[in-house]
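In what follows, subunit A forms one complex with subunit B and a second complex with subunit C.
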Partner chain A sequence: MKNIKTYLILLLFSLASISQVKADGHADKIQVIVNAQSELSKLSRKHVMSLFLGRARSFPNGKPAKAFDNEMGSDIRSTFFEVLTGKSISDIDAYWARLRYSGRASPPKELDSTSKILEVVGSDNMALAYVRGQDEAELEKQGILVVYTLEAN
Partner chain B sequence: MRFRHLQHYVAMIMVSSALLLSIVFSLIAYQVNQQIAIEDSERQVKDLMAAVKNTASAALFSSNEAVGHDAVNGLLGTDVVYSVTLEGFADDLSPGMRLSGIHKSGGAPMVTITMQLESIFDQEQILGELRVAPNENWVSQRTHSTSIPTILGVILVVFVSCFVSMQALKIRISTPLVKVSRKLKTIEADSDQRLALPEYLQLNEIGTLVDGFNVLLDETNAAFKVERHLRDEMQLVQENLESAKAAAEKAAQAKSDFLATMSHEIRTPLSGVLGMLGFALNDPAVQDKTRDQLEIAKSNAKALLTIINDILDYSKMEAGKLHIEVIDFDLRKDVEVAVAMFRDAAEQKNLHFEMTVDDDVPEYVKCDPTRIRQVLINLIGNAIKFTSEGSVKVNVSMLELSRYTVRLCFSVHDTGIGIPPEGISKLFQKFEQADVSTTRKYGGTGLGLSISKQLIEAMFGTINVDSRPGEGSVFYFELPMGRATAAEVEEISKSSEPHTHKLNVLCAEDFETNQEIIRTLLEGMGHDIEIVENGQLAVQRATESPYDIILMDGRMPEMDGLDATRHIREGEWQGKPILQPDIKIVALTANVSNEDRERFLSVGMNHFLSKPVNESELHKIIADTISELLASGASLNPIIRASGNELDTMFGTAELTEIDNQDECNDAEPQRSEENIAARMNSAFTNSLPQRVSELVNAIRTENFSELGRIFHGIKGSAGYLKDEPLASLSGRLEILADENNMPKVRELFDEFLAHLEPYQAQNEGGD
Partner chain C sequence: MKNRFISFQLLSPIFVIKRTLSYFFLLVICSNVLADGHPHDSWEVTSFGTLGYTHTSKYDDLVIKRNITQRSIEVERSGWLIDSSLGVQVRKELEHNWDVVGQVVAKEKVNDSIEQSIEMAFLRYRSNDNWSFQLGRMVLDTFLLSDHRDVGYSYHTVRPQTEFYAWIPFSHYDGLKTTFEFGDFDSLVRFEVFLGKAKSTVNIGYLDTSTSYNYAKVAPIIGTGITWEKDDFTLRASIARFRFTQNTNAIKQLDVVVGRVEELWPESRVIADGYSIKDVEITYGSIGFKWTPGAWVVQSEFSDVNGDNFGNYDGQRLYLQVGRRFGEFLPYVSYAYSWDDREFPYDPPVFDDGLAFVLPGGQDQLDAVRAGSGAIYSLLKDNLNSGLMNQRSLSLGVRWDFASQKALKFQCDYATLEDGSLGIYPTQDTPEFGERNWTRDSRSWCSTTFDWVF
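For the complex of A and B:
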């Protein structure tokens, strides 16, 4: 029953996303971004997932990585994790809750706006975050590189 | 083990089975519970593992050991877990990790449950595994806690069912059996009772057993019936036998009694016949021819008397009344007495007749001289009877001699007709003679030898005969005897020696004849005697003068001997003292039954003398009294012996000697004094008769029975002295009748009594 409910919610969110993508041509893409000085080209989905879920703490080239998350409860965060892992956002939250319970794990720091995210990533070459629907060329100007693109629909 | 009761046995079996079942069920229950506990532990462990799976998975995903520790410790915090191992596999993103822990208490793991941990975000990705072992302690504790109630329950159920079964067995089987066995104990043989069982037990083995017993009871009862029947029959047979035996004994007794009575009754008239013949022969007027005939008649009568005496002897023997004495005596004298009786007869038949006693035969022996003499007389009499010419020889020889005994052989040898061999065997049987012609020719009852044989055998001897017809016979008998010495024999004969001292005698006797006898006897012995007529006078005299001895008749007028004795012993009579209350008193009595004796002795009499008084017994009592008195220091006057002539003069017996005494008396030495006594007695009796008869007639008229009894008693005693047996017995019968107050019978017999007195009255008249 609980599962069915979960699926229903999931279905509702999916419909909402579709309607957003229809309104804006770039809006349906979520881009994983890093500082251009990180010397990275592209990341695999598995690595993206490991970096955002605390399994990996460094980039594939060995340089330390520092992941930043969107605000808890935000639409982009739910969509990002659900599409990336195939799990609901509550599963993700439960996962973090378990780890946080031991007191020694720390989830990525949350930033409440895209401008803040772009500012942090543009200034820190260890930073890693995700944003929705930004123009790659625009981002390159700010010293930000897209390493993984997630199709939201 | 042995049980008195079946129930206990069943109970034992039940309890044992219950125990065994309880143990087995308990073990099974324990096993089952253990299995359940193991499964339970595994399930719980798996549940716990499932609960920590995501945490553990997250720990491995993020390589967070702290979280891993949390998961492991969380598992170890429960008692059901013994050990936990969390292992993360290393890969390109993770170095891997291995965390493990053991529960603080617990046992070795039985199994280990392994769970693979895959990534939360990718089911395909295996991150590591979780291995958990359940705790054995928890299993055993769980097993115990669940088993105890189970086992208790099992035991309860088993015991309850055992108890129920036992009760059922008890009620259904053992109680009926106990009832049956109790009944069995009370059933008596030979009764109609049977054992019974409830219906449900009748068809099984117990039923068969009880049926079998009932059948046995039936058979036993049948056997009892048969046995009872047999017993009754046996008893009947026994009773018949006993009554037959009693009848036979009674018949034998009746025969003996009859013989005795008959002999007695025949003797009475026979004495009359003999007496009359004697009177007739004395009559000088009788012609010679008639005298010869009377002589023949007399000798025949005497022969008849002998026969009757034999029959009397024989019937006494039959009745077992034969008495054998053992006394010391001079053998030669005894044999001589027997032989002397036949000297005349042998001389008349012109036979050579001699007696020899071998020199080595002892002089004195112990045996019964009267019986030996009787047998000798019989044998010698036969020898003379059957011998017409030749000799008759009597011999005594010794066969054996030891210190105290001697065995002698007496033989009588004749040259008579002899006895044929076939006759010898019958010789000693009753009523048998050698042959019938003997009886015809020589007479005789055939009892003599039979009596002799019985006498000899009664003395433990044997009697036999050797004979040849025509040549003669030898009858001989052997007897064992004791040896006596001359001293012993003399001591006995000494008792008849004259008394040394004179006694002063008081005699109480109402009957004149008896007074005369006692007086004659005692005066003959040299004593002073005073006679009174009844007991009262005797007591009176005892207060007046001293006596040395009192002779007391039992039955007297005024006061009888018993009362008189009692008064004397009391020491006082009518205010006067008895001079010698302890004087010796001797009862004189014709009654000799034991009860009478006891009666006499119980009132204080010292001795008794039976009437007719026996001279030697009287002599002995007086002699004893003299010795006793002398020994107690009394002074007595010695007796001065008078010559025989003086005695004659004193007793005035000379004129009486012509009175005919028993002519058949064969005693070798008839006592002179006895003749005297007999003569004086006869005279006294005859003189008193008229008075007695008138007293009797008076008493009959007045029906004074005590007077009658007293007079008959007195006459009985006198007749005894006079050897008038018929008169004595008739008087005796009359005395008894008078005592019984039987007047008709007395009257009936009185005529006969008077007839008996006639000879005496005739004498009386003749004497005048």
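For the complex of A and C:
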């Protein structure tokens, strides 16, 4: 009986650890998402960089793209750009200040929550954004596809 | 304080207000017409600013300035004026690939009227991903930093390199611009052509008299540039040409002064005409790059300025900046050189002793003519120094990004100015009529700025 109890405790502990790892694994991934109607299946790192840094205004398939950003100063935003570009977020902000205040381009519009981002991407087939730790199956139910994943370690 | 409107000739207050209102009215009309009643987005309103301080009164024989549009005496009086500025930008995206952009910047300059504080007010149409067309007021973007030099947060130094940028009298122009860009997700090439007119009031020299504040207008100003961007590398080359439409107050005054002696000294008229800028054309070309591999920043530009007459800015300019980011800190070093080897090509006037027998006043009059002509010769020779930029500087600084969209910078500059090199930094040793005195020497200043965008 004592052994069964021990086994059960160990089993519960193991299951908890696995789900924690899974949850953390999701949390360490930043997912670039588009609308399922965008006719895209995946994007490369260069595509994602160009679209989020204002160098490209269309997807590789020629369809117009509209990038959306997370809130300025948010952890996900810093992590996303730093991992994507290898530059500090301050350098990225300075880059956008240069483009914006020379009149060339505006940075992606900020959305203040993950739910808002999902709502916009789910309803706009030009939209492109990034979120953290979302279940891909759940995203598909909302008409959203993950086209690129960043390991945010 | 002198009434600066006297220097602005036709720019009466009513005219300035009307012109300013017309720009914003145009923006509003266009946005309403093109919005089709259902605008894409609301107005995007953002701002940027710099609060900066330099000990500008450190020396009693030289004043540091950011550029020639600043008032020398005011900048010397308050070290807060040299780099401080506040800008507001509005943008609205309209239907059918149209947008409108407007930007106003408040900063120290001779003409700080609302109309001249509008740096951008244009309508843009993007026909597709390759072509765009702009009409209205746009920032002059011939050099790497010239289209965002008011936005301290966007670059790592306290101010754009003085030797390279300070002599540029115009920050914006009214006209049209066409851009063609192409590329893939790997690289981008952009061609730009622009045509327009520009005006500015500059203070070359130390004094604040009517001949020290000079209104300069150019039409047309025409230019073209090409930019190539790949990964961390940007290369830009451009060339522009502009034509002055009228002489400045200083040159008109020179004309009057020379009129008193030209009968006895005909060469004085030749010299004065050599300084005339009416219908003179200036060409400037530049090439520059910015490379940001990893944590490093390397930036360099070279330019050549060429005028039709000997009295204007001329010569070559070069700078190299290297910096490396360490977390929140970005220390950098910068070296700049501006050289202009023009010399005054005329000898002092010589009057024959025999002239005393011809002049009504005899010897006394001849003595007066010699003294007066000598003084005018000094003035004419000194005028060349107003356009001379023979200097180099070494700058060390650090940028600290201590918070999101905010940065503190600290920079020290060590500048060496050659003989007569008074094209940018003026000397307080400036008589109202006569020769300034500057012999080769070095000066240093330290500056600090707080830059932000929001």
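Going forward, the second predicted complex is superposed on the first by the 128 of 153 C-alpha atoms of A that agree within 3 Å, B and C clash if a C-alpha of one lies under 4 Å from a C-alpha of the other, contacts with A are read in each partner's own complex, and residues count from 1 in each chain.
Operating definition for what follows: a contact is a pair of C-beta atoms (placed from the backbone, for glycine too) under 8 Å apart; a residue touches a chain by one contact, two chains touch by 3 or more.
Only a predicted model underlies this, so the values are computations on that prediction, with no experimental measurement involved.
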Joint occupancy of subunit A by subunit B and subunit C, clash or fit: clash
Partner chain(s) touched by A:Leu145 [first = subunit B, second = subunit C, both, neither]: neither
Contacts of A:Ser102 with subunit B and subunit C, given as first, second, both or neither: both
First (subunit B), second (subunit C), both or neither touched by A:Gly54: first
First, second, both or neither for A:Gly73, with subunit B first and subunit C second: second
Partner chain(s) touched by A:Val121 [first = subunit B, second = subunit C, both, neither]: neither
Which of subunit B and subunit C A:Leu111 touches, first, second, both or neither: neither
Which of subunit B and subunit C A:Ile30 touches, first, second, both or neither: neither
Touched partner set for A:Asp93, first subunit B, second subunit C, both or neither: second
More subunit A residues in contact - subunit B or subunit C: C
Subunit B region in steric overlap with subunit C, selected from 4-12, 22-30 or 76-84: 76-84
Touching both subunit B and subunit C, residues of subunit A: 49-50, 55-56, 86-87, 91, 94-95, 98, 101-104
Residues on subunit C engaged by subunit A in the complex (per definition of touch): 41, 44, 46, 48, 87, 89, 91, 93, 101, 103, 120, 122, 124, 129, 134, 138-139, 141, 147-148, 150-151, 153-156, 183, 185-186, 188, 229, 292, 294-295, 325, 327-328, 401, 404-405, 407, 453
Subunit B partner contacts - residues on subunit A that touch it in the complex: 49-50, 53-56, 85-87, 91, 94-95, 98-99, 101-105
Residues of subunit A that touch subunit C when the two form their complex: 44, 46-47, 49-50, 55-58, 60, 72-73, 86-91, 93-95, 97-98, 100-104, 106, 109
Complex contact set, residues of subunit B against subunit A: 54-55, 58-59, 61-64, 66-67, 69-70, 93-94, 120-121
